[in-house]
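Shared between the two complexes below is subunit A, which pairs with subunit B and subunit C, respectively.
Right, the complex of A and B next:
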């Protein structure tokens, strides 16, 4: 069943003239605010620190000095790392999409026992600190390890595999969010008219999904291109990327000239990717027939059910691919759990018991750190939802004038930038720029709010990318119909945008929360040890000598993983119950 | 506004309301959740309001730790409340201090080591202070510079460690010197953290510079030819690749610290299963200093004194795995037994390290990474 506008009481007789003018003024103010608030947020907490940091590298003795470009570009290494960055991120993104689209189909279009658990499971890698993923992956791949026979340790393939491990959920959630709302009847009609399942998918469903696929692919690409921990741990310097090079030049060499040139290179690459992705999206983006998810989701049938003419071969392939992908995601996680239970030569829960005690260089218990993480994530998610929600709402409009459309496309790319810029540049930028910012007599660097703000900056693009494809797919005539039938503006919002967008907001909520829980880059430069977040504590523990600290770090990682899975599952449950009423 | 858009006025009105309604919905959801938010939760008392002496902010590296309650003792004794800021590893720490020297991140720094000491001093990150604490005399023997801005607090040796159990099991004699590591007998057995991304890794590069002089690149070539493995950081090398580090990796020779072996005494055993090779070590010294532009200079000085007090010096081995500079405190028994220092560690003068750091690391990358 497609959504129809609800019946509304008869409207009061319209009074035109002054009311319209006032409404128009209110509309302009409202839209102005909806654009200005997010732009101001991003300008202050992202553009400004990054500009200050990059600018520092281009000023020598008080004068502008751009000779760094010539020097950095004359190094053969620079070209190699740019090539490696594109190759790693491109390949990992392609694999993530190839695995993730069938995953979205199985996990969002079909119902089966344990689906919620699997959906939560595949999101877990997204939040694990890279040091832990390093352990989980490398101890599998190292000579003598369970997968040592593959000889993948320290290879390019291992890096790509780990990047896919991180980004599988990005594609599954991004594409699944739209897919589960897609009216199945168009595809059914194509099938009834004699199209093969593959042809129906290729000509009907795939074009409808393209915006969401392009959206998720651009997200995944940005995550891959800016990942430095994974690349360093799994590949070392040999497979260095622009991001690892910025990290080394900034934190180890303090060669800000080189770091700034590389930041500009990164920005150019990212902007290029966003433009390409934006083109792919907008060419396909249009209003789609959407359905109530419960009607679009069908039980997963792999065997021929009695009474049904044939089994769906695509569903079988998708289920097989998804089973393999989930297994690949689960392997390192299981490895992590197994290792956390290893106490010397025996098995036990000792490391978990020890989570309740502080020590080993960390002043808080793991539970306290978990509480801090949750509280920080609540703030960050809230910020990200407000800012990202406004951005998505603005971007979901379709201005008639080309200038308006171009402005929206620019705004869209602008809010994606935080994912494409080095966490080191942002983190160091905060430290340089947030002392008495804009001449105000406050030192924001020591504010406890800076950590959630830094995490929200990263979570906003996730919210936008999850909510926007759904909002954009809403047929404007639905809103017009509702308004014509007399629904007050608030009611149109509730019953059209609200009802359809609520599920996507639920997905975005879980996503933003997970991103905040796992954020480590900028947080590690800002977190204060009196109240460190869980990833920071894990990082500290794993750097301590002794098997106790190591075991505790692994146990704490399992806690972080479980916490994420529960939060993600809860967010989905939340939207499941409220979605129908909104 | 064109005519065409004019008849869309009704949706335009609704959009405003929609915007505010969504904000409202999100805010309501937020309120429901924010019972446990940072902003909603009780903020820790900060600033100088609570205590008479005010706050002193200590900027230090990731590995800084003291036993619970020690910093409270400092507050009780002096009235200064200590706030700790840990921005990253030793390199990140120093580089952040250099970047923010016009508006320092705190009042006092701990954790600048001898490989970064010259950079910190040359860049004017720290201001002169000579502690009058009794241990200051001991500290002076580790002084990094003539200016007296940095005070040595602790030191330790970065050394090659071996897994005794592996060598006994495989009936291979253990290596002892740097040159042994290039012996084909030890092919594919060594793992070290990268000097570019790890401070102990860089310390080992310096050990080879100290030992081999200008011929160090050839030494690394030989190591590489003998199956050297380079891991990203210490924990990666020690826990994943090393066979004796609890992670059960494949390689029995690893770069770690002279103080690592006591941590490998098995449950119920009385001897560690690993040992440090004392002829392969580089000595790291960690310094504290009062930051230039500190807002609480007396507090910062008091904290430097406190780091040299017997109380903290005695706590350092157990909490930071380094040797205290003070000769007045006694070491834990297992340290005396299993974590002896190198009699003659390799040395490279601090000024030379600062001068050649980038060049050496670039050359190392070219030689080993390719």
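Right, the complex of A and C next:
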């Protein structure tokens, strides 16, 4: 608004009508683009390759052929894999919740020295590349490893343990984020009414936390059920998930029909979990009496505090559980570093020195692969941020009409699909579909952009889920206040949504970058042999015989873990407040 | 009247949240004029539609019927940010990611930086927060936040300022003080204002005219004194605080004599219409209470029922439930209503 007298006359009427119409048209075009761009991106680089891939299994001689379902489901192997997937994911989710809820209580409801460090430590596994998690657990459990006497290498228990290691942080962050804002006075009221600490927790706090627990559990289940790199490294040929089985069927047995059927099975399972997660989330957005975190967080006291009649038994139990969990999280990480420094019977940096040489079936040095990984991840992150940011912006609108709200809900589900579709399917679909795409005489399979695009597809849901809750939490009246102060819609978007959403962008950046750096499922198909990314190299090395290759795999894992940790830590510093669900 | 804000037969409806749910009518054909420089209070109980009407005037809710005009020109197709109508929310809605000065300067985009800074300082001075510019909004108290919100809303010199219960979230003593400051700020800047509140004291303190609203309709518009002296019916009177209603014919003679009545009229008595002192009436004390430190009693008076009478401080200790006391009439707290239709 320009400098106006106190009672500025309105602009002349005829011009006004025209400018208003033009402004409205501009707004429509802008929002139209904001919807069309991500939809087009996902349609071309996700829906289409996946459809082509799945289609190869169900189209024979130009006709639809669904006999593949019956054939694949008549194999005992299929049932064993589906059963294994559900059992591993179910068990790992249950353990993650049992360990994670006390962890959330200690790490988000209490203050103590070193809390920030412990919180960072438990988050590390979540951003760690899945291949590294697999390597770290293997180095812990192999014969001669610190826990070799348990003879767990290559067992069901080892896979479940690795999945819990990875998903503990999902529960701690998801539940803790709500718990630290939960008004403590409801529980205090229950105590004043005569409830024991345990009863107050069970009857007041737990019900309030249930939506967050359900939401975190469904996410953890999702990550476990679609786990690829970790299970592939740890399970070998005996144990697997539907995801690793798709990889095995595609690359080892060249049975595309079985892979297609399994892709559909996975999509159905994941869609089911996403529906449950969505329900839990919408219930979570129901109003709860929330407090400012500072009011709800108390110092952690394990001994009876002076002036208090008793010590807090729940805090003691939770602290003990959390201490054990933190040790279990630290053990594989420390062991990985220690073992990477072990050369035969002595200590040394030999494995790290060897990172500078190629060999053992790998055409490039680990440093070259690391550079490739970084370059790829930067491109993928930028793509994911633009696409995911636009999606979050569109989804954060609240249309007046029910039809508009339903359209947004549909869009929301559509953009969560990459979370559910096997990354292996996406990767292989790229290979099939990008050769002469849409009949055009080009071969995009050799394009250097293929890997970043595939990684961006996988990272988009992470960006959306991180930025969207922050944008949705903006009081709509804040935008109204800006408008009544004379801000045009564009300026409202920039100064309100943009300024507040920017705080979540740091975190989204970190997650997208970590996801791209560690992405293995799709990349394993798409990375060219002369240009592999670091996870691909580590997987090659771990499959090679001999202590040198193994040592290099360990050292390379440490390098990849450090790269990820540094990037995520830098991005975390960018953000102001806790944002998102993870 | 073509000068200032015109509200003509405005209707606001909300669609049901679910498909097929019946829409609810929040504002049902309201007409009201606010002249330039005038402050009008929209007074009504919560849920009466006054906030919906305010949002419709601001352009935040679509009109289901009627028109909003400024100087006789319809503004229906002018988007919110071009109307030049400022809006101040009950909870301020300050931008947490900007400091105090950044909030006040938000509506000054496009001005020269030095001009904007001078204007921010001027307004912070006006609301009594000079020197607060660099403070983060999170460090402000409730009253300070509302002062900043007022400064922010006044900064772009809106041709009309809409205030949505701006003081309701504050405690009583602060509310009363801020109401005076608010009135002073509006008068000092010559701002035309439409002010929504459910507190009649606040409305009377701030506004030149009061419009009483209930169930989506306007019941009465007038100066505070007129509305108080002659409420347009029992609903308005009850909302203003009148508590006892008797047909004039049935009222005790001293009450009837206090105000000019017409046959068939109804007398409305506010707390304090009767005073405990030597007078012609006698009542039985039912309970002893206190109103802002002054003793008051619920007394049963033949012909009136139970009413609240004020007592002088010195009488306080002597008042005991069950006793009979002498009562006088204060004509300022007695109103005459036209007979109920």
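Simple rule for what comes next: the second predicted complex is superposed on the first by the 355 of 582 C-alpha atoms of A that agree within 3 Å, B and C clash if a C-alpha of one lies under 4 Å from a C-alpha of the other, contacts with A are read in each partner's own complex, and residues count from 1 in each chain.
As a working rule, contacts are C-beta pairs under 8 Å (C-beta built on N, C-alpha and C of every residue); 3 or more make two chains touch, one makes a residue touch a chain.
The structure presented is a predicted model; accordingly, all values stated were derived computationally and were not measured.
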Return first, second, both or neither, reflecting whether A:495 touches subunit B, subunit C, both chains, or no partner chain. second
Applying the touch criterion given at the start, work out whether A:400 contacts subunit B, subunit C, both or neither, answering first, second, both or neither. both
Contacts for A:483 in the overlay, against subunit B (first) and subunit C (second): which applies, first, second, both or neither? both
Tell me which of subunit B and subunit C touches more residues of subunit A. B
A:475 contacts which: subunit B (first), subunit C (second), both, neither? second
Once chain A of both complexes is superposed, is A:531 in touch with subunit B (first), subunit C (second), both, or neither? first
For A:144 in the superposed arrangement: first (subunit B), second (subunit C), both or neither? first
Which superposed partner A:373 touches (first subunit B, second subunit C, both, neither): neither
With the two structures laid over each other on chain A, which partner does A:266 touch: subunit B (first), subunit C (second), both, or neither? neither
Between subunit B and subunit C, whom does A:446 touch in the aligned arrangement: first, second, both, or neither? first
For subunit A, which residues lie in the overlap of the subunit B contacts and the subunit C contacts? 20, 23, 400, 480, 483-484, 488-489, 492
Considering only the defined contacts, which subunit A positions touch subunit B in the complex? 20, 23-24, 26-27, 29-31, 33-34, 56, 131, 134-135, 138-139, 142-144, 148, 154, 232-233, 236-238, 248, 250-256, 339, 344-345, 358-363, 371, 374-376, 378-379, 381-382, 385-386, 389-390, 393, 397, 400, 428, 431-432, 435-436, 443, 445-446, 448-449, 451-452, 476, 479-480, 483-484, 488-490, 492-494, 497-498, 524-525, 527-531, 539-540, 542-547, 550-551
Applying the document's contact rule, which stretches of subunit B touch subunit A when the two form their complex? 1-2, 4-5, 9-23, 25-27, 29-30, 33-34, 36-39, 41, 43-44, 46, 57, 62-65, 68, 83-89, 91-92, 95-96, 98-100, 103, 105, 119, 194, 196-197, 229-236, 238-241, 245-250, 256-257, 259-260, 263-264, 266-267, 319-321, 357-358, 361, 365, 369-370
So in the complex, the part of subunit C that touches subunit A is made up of which residues? 15, 17-19, 36, 58, 60, 62, 70-71, 73, 75, 77-87, 89, 93, 95, 97-98, 106-111, 115, 152-153, 155-159, 162, 189-192
With touch defined as at the start, can you tell me which subunit A residues reach subunit C in the complex? 1-11, 13, 16-17, 20, 23, 400-402, 475, 477-478, 480-489, 491-492, 495-496, 499-500
